[in-house]
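Have a look at these structures, which come just after this line.
Shared between the two complexes below is chain A, which pairs with chain B and chain C, respectively.
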Partner chain A sequence: MQPILSVHNLNKYYGNQVGCKNMNLTLYPGEVVGVVGESGSGKTTFINSISGNLIPDSGKILIETGNEKINFLEISESLKRLLIRTELAFVHQNPRDGLRLDVSAGGNISERLMSIGQRNYGNIRQTIFKWLDKVEIDKSRVDDFPRTFSGGMLQRLQIAKNLVTSPKIIFMDEPTGGLDVSVQAKILDLLRKLVRELNLSVVIVSHDLAVIRLLADKIIVMKNGEAVESGLCDQVLDDPQHSYTQLLVSSVLQV
Partner chain B sequence: MIELNKITKKFTLHNQGKTNILVFNNLNLKINPGEIVALTGPSGVGKSSILKMIYGNYVFQSGQIKINNHNIDHKYPRNIIELRKNIIGYVSQFLRVIPRVPTIEIVMEPLLEINSDQDEVREKAEKILLKLNIHKNLWNLSPLTFSGGEQQRVNVARGLIRNYPCLLLDEPTASLDSVNKDIVLNLINEKKDKGSSIIGIFHDEYSRKYLKAREIDITKISDAK
Partner chain C sequence: MNNVLKFKNKKNTFAAQDEIYNFAYLDENTKRMIRRALIKALCIPGYQVPFSSREMPMPYGWGTGGVQVTSSCLTTDDVIKVIDQGADDTTNAVSIRNFFKKTANIETTEKTSQASIIQTRHRIPEEKLKEKQILVYQVPIPEPLAFLEPRYQETKKMHALSEYGIMHVKLYEDITKNGHIETAYAYPVKTNDRYIMDPSPIPKFDNPKMNNNPAIQLFGAGREQRIYAIPPYTEVTSLDFEDYPFDPSKAPHKCSICGSNESFLDEIIIDDEGNRSFICSDTNYCNQRMENN
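For the complex of A and B:
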């Protein structure tokens, strides 16, 4: 099996300041890779740099599209935009960053569908309902504006909006960040189900080790912009080798 | 077949004065298909550590672990993920699940990895839950509020719903009453008869005898203690 995404020696600097340095990642179809570390460790810079939100200074990002490997940093802007609309998806920590608040819930979900050329109103409407159902939002809310939704509903709507075109790679930055724990559990359950049903490949950033343990197959631990340890998720959490990972794991409060 | 050859395992606690703890030195162990091995020895001797090394949760410093001739190598996490999907099953002591996910779905999950027929998988999950005396009323509830014994049986159901060639059992009967203990032990015996290589930790002698397990005292197979 070929990795669907591989990142080699990626660097991103802000002036002299390190954003992330020497980062590598391999993501296979159906796999979830978690990126953890304290705030300021470069997690968000890394995920933004590999998803097209930021332009890295150097490195290689290879995306397998089915028939060829594309070097994401060397393709034309228009092809990049097309990929971002179709094969890639980005779920923001704050759903308001990923949704259009002055467009109805249904309109938000249909945006990616229309951008890949779907025009039949009936079909689009049907797909919207299917996805509202998948993310457990009542059909009757389809024409409501997102600003009337609760935080948890907004996050689920953002997930539906992103997954509707069956993207191959999903990037998530703290998808359960600002949510209370009962809503967080619901989103985690939803994400796990979708990953299995749709064979999604996911890169997820979180500072919450418990979230990563439940979702991720592999893990990258970042500190000061670099990966200090990476590998199988439960191995790194159960038997951390680097002193920083040991500190991180032992700092988690037990409930 | 599970093989451990010349395993050295130590823990280095960087934040506690770089303390080194040598757990195993020159550990050798082999579990054949259709055989049950029971690890014995005092608490803290490393019984769970052996299971965790085989499952890939713990790294080891030198030596070789082979599962049906596949190496456990932490440089290739993808291979360990595949081994877990296809070859190694693990029943841990404690249930770790996402809150609010119903019991039946937790039990179905490992089988759904290889069988996408929801109805067929659900039927199998119901069957094993019934066998383990988990009442129908509980199937659609999250096991997090269940009693210790019920949680353990859900864990067993999840671990034994498939026929893994290699099976790791960490005290699968610890908090069960005698009736349910026998049911679980019979299920384990069925897996043995199907040719699984089984290694486990069973605190009571009754379970070890019932399973006709080959008992191995860890202090006698590793130079570390």
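For the complex of A and C:
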């Protein structure tokens, strides 16, 4: 099987400051890769660099699109933006960053559909209802504005907005950050269901080991902009080799 | 500067009433700059060409863009008509007509068919335009994406890459809120199957008239410093959905003066009881129908 996304020796500096350094990643179809590390370890820089939000200084990002491999850093901007709104999806930590707050929930979900040329209101409406159902938002809220939604609902709406065009690769930056524990559990449940049901390939960034353990197949542990350890999720978390990973694992609160 | 004046078209050196003005107010260098922008705009239908808009002796919002475009197109042979919401006799129309009378000393008319340049605020004349006529629109906000995407850099990119999905989000919202597309003026169009364009705040009733029009259509936005254009016989389509097609609706009434069933109507409250009357917004069209009857 071919990896759907592979990243080689990716570097991103902010002046002299290291954003992330020598990062590698291989993502196979249907796989979830988790990136963990403390605040400032370069997780977000890394995910932004591989998803097109930031331009990395050097490295290689290969994306498999059906029949050809695309070098994400060398393609034209128009193709890049087309990929970003069709094949790729980005779920922000703060759903307000990924949604249009002055457009109704349905309008938010429909944007990607219309940007790829769907022009039938009835069909679009049906797809919206299908996705509201999938992310467990009541259908009666379809015409409400996102600002009337709770934090958890906003996050589910953002997920629906991103998944509506069936993207191949989904990037998530702390998708459950800032949510209370029960809502977090619900979102995680939903994400796990969607990942299995739709065979999604996901790169997920989180500082929360529990989130990663629940969702991810593979894990990358970052510190000071570098990957200090990587491997199968259970293996790394159950038998951490690097001292930083050991610290991370041992500092999880046991209730 | 002197060079330019020396080579200036002989015809354009005229005896104005008030010789302190250059022909049609603007200096020749400025007109040349605007003509360049106009030619570029005509070559790329619907594309917004930046130009360095001048201070005009009227406030922004009164048609400074349109006046600069008209001024750059005028020759001494031209006959100009100015309309404001279809009418020849409203403040904006009268003052701009007088402005060109004074600064260019050219013939003016109220008859659509006799005008070679028509400057308009928010209407297209009812009478069909012909080849060799120029219609100049006054545009307040040239960017159709402005209300959806406030970042100008981003809208430029969206135009360049034809990323117009968001435009339909607006129409989608209209339908969900009102059951139909509520946008009634400044209804977005696609020009020559490429650029999405704001037709300026004309009623959507006028949108079909832009399509395949034999006249040249020029758009000037003074404050926003943009010029765009539709060359003659260019395809202009109004955006819509397959199941909610574009509808150039009009008030279901007749003009109470000329009885026209076809023209765009203004609604007027005629007494303290709130009684209404509908009359043609195009005064010249209405008058001519009365004369002919």
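Everything below uses one rule, namely that the second predicted complex is superposed on the first by the 255 of 255 C-alpha atoms of A that agree within 3 Å, B and C clash if a C-alpha of one lies under 4 Å from a C-alpha of the other, contacts with A are read in each partner's own complex, and residues count from 1 in each chain.
Methods note: a contact is a pair of C-beta atoms (placed from the backbone, for glycine too) under 8 Å apart; a residue touches a chain by one contact, two chains touch by 3 or more.
Treat the numbers as computed from the prediction; the structure is a model and nothing was measured.
Colleague: Go through the superposed model and pick first if A:188 touches only chain B, second if only chain C, both, or neither.
Modeller: first
Colleague: In the overlay, answer first, second, both or neither for which of chain B and chain C A:231 touches.
Modeller: Touch partner of A:231: chain B, not chain C.
Colleague: Using the touch definition from the top, say if A:144 reaches chain B (first), chain C (second), both or neither.
Modeller: neither
Colleague: Go through the superposed model and pick first if A:208 touches only chain B, second if only chain C, both, or neither.
Modeller: A:208: touches no partner chain.
Colleague: Is A:247 touching anything from chain B or chain C once the two structures are fitted on A? First, second, both or neither.
Modeller: Touch status of A:247: first partner only.
Colleague: In the superposed arrangement, which partner chain does A:81 touch: chain B (first), chain C (second), both, or neither?
Modeller: Only chain C is touched by A:81; chain B is not.
Colleague: Could you tell me if A:38 is touching chain B, chain C, both of them or neither one (first, second, both, neither)?
Modeller: Neither partner.
Colleague: Flag every residue of chain B that touches chain A in the complex, lowest number first.
Modeller: Per the stated touch rule, the residues are 11-15, 52, 56-59, 74, 77-78, 80-81, 96, 98-101, 109, 112-113.
Colleague: List the residues on chain A that touch chain C in their complex, please.
Modeller: On the chain A side, the touching residues are 77-78, 81-82, 85, 100, 103-104, 106-107, 110-116, 119-122, 124, 142-143.
Colleague: Spell out the part of chain A that touches chain B in their complex, as residue ranges.
Modeller: 26, 28, 31, 181-182, 185-186, 188-189, 192, 196, 213-214, 217-218, 231-232, 234-235, 238-239, 241-243, 246-247, 250
Colleague: How about chain C: which of its residues touch chain A in the complex?
Modeller: Residues of chain C touching chain A: 157, 160-161, 163-166, 168-169, 172-173, 175-177, 240-244.
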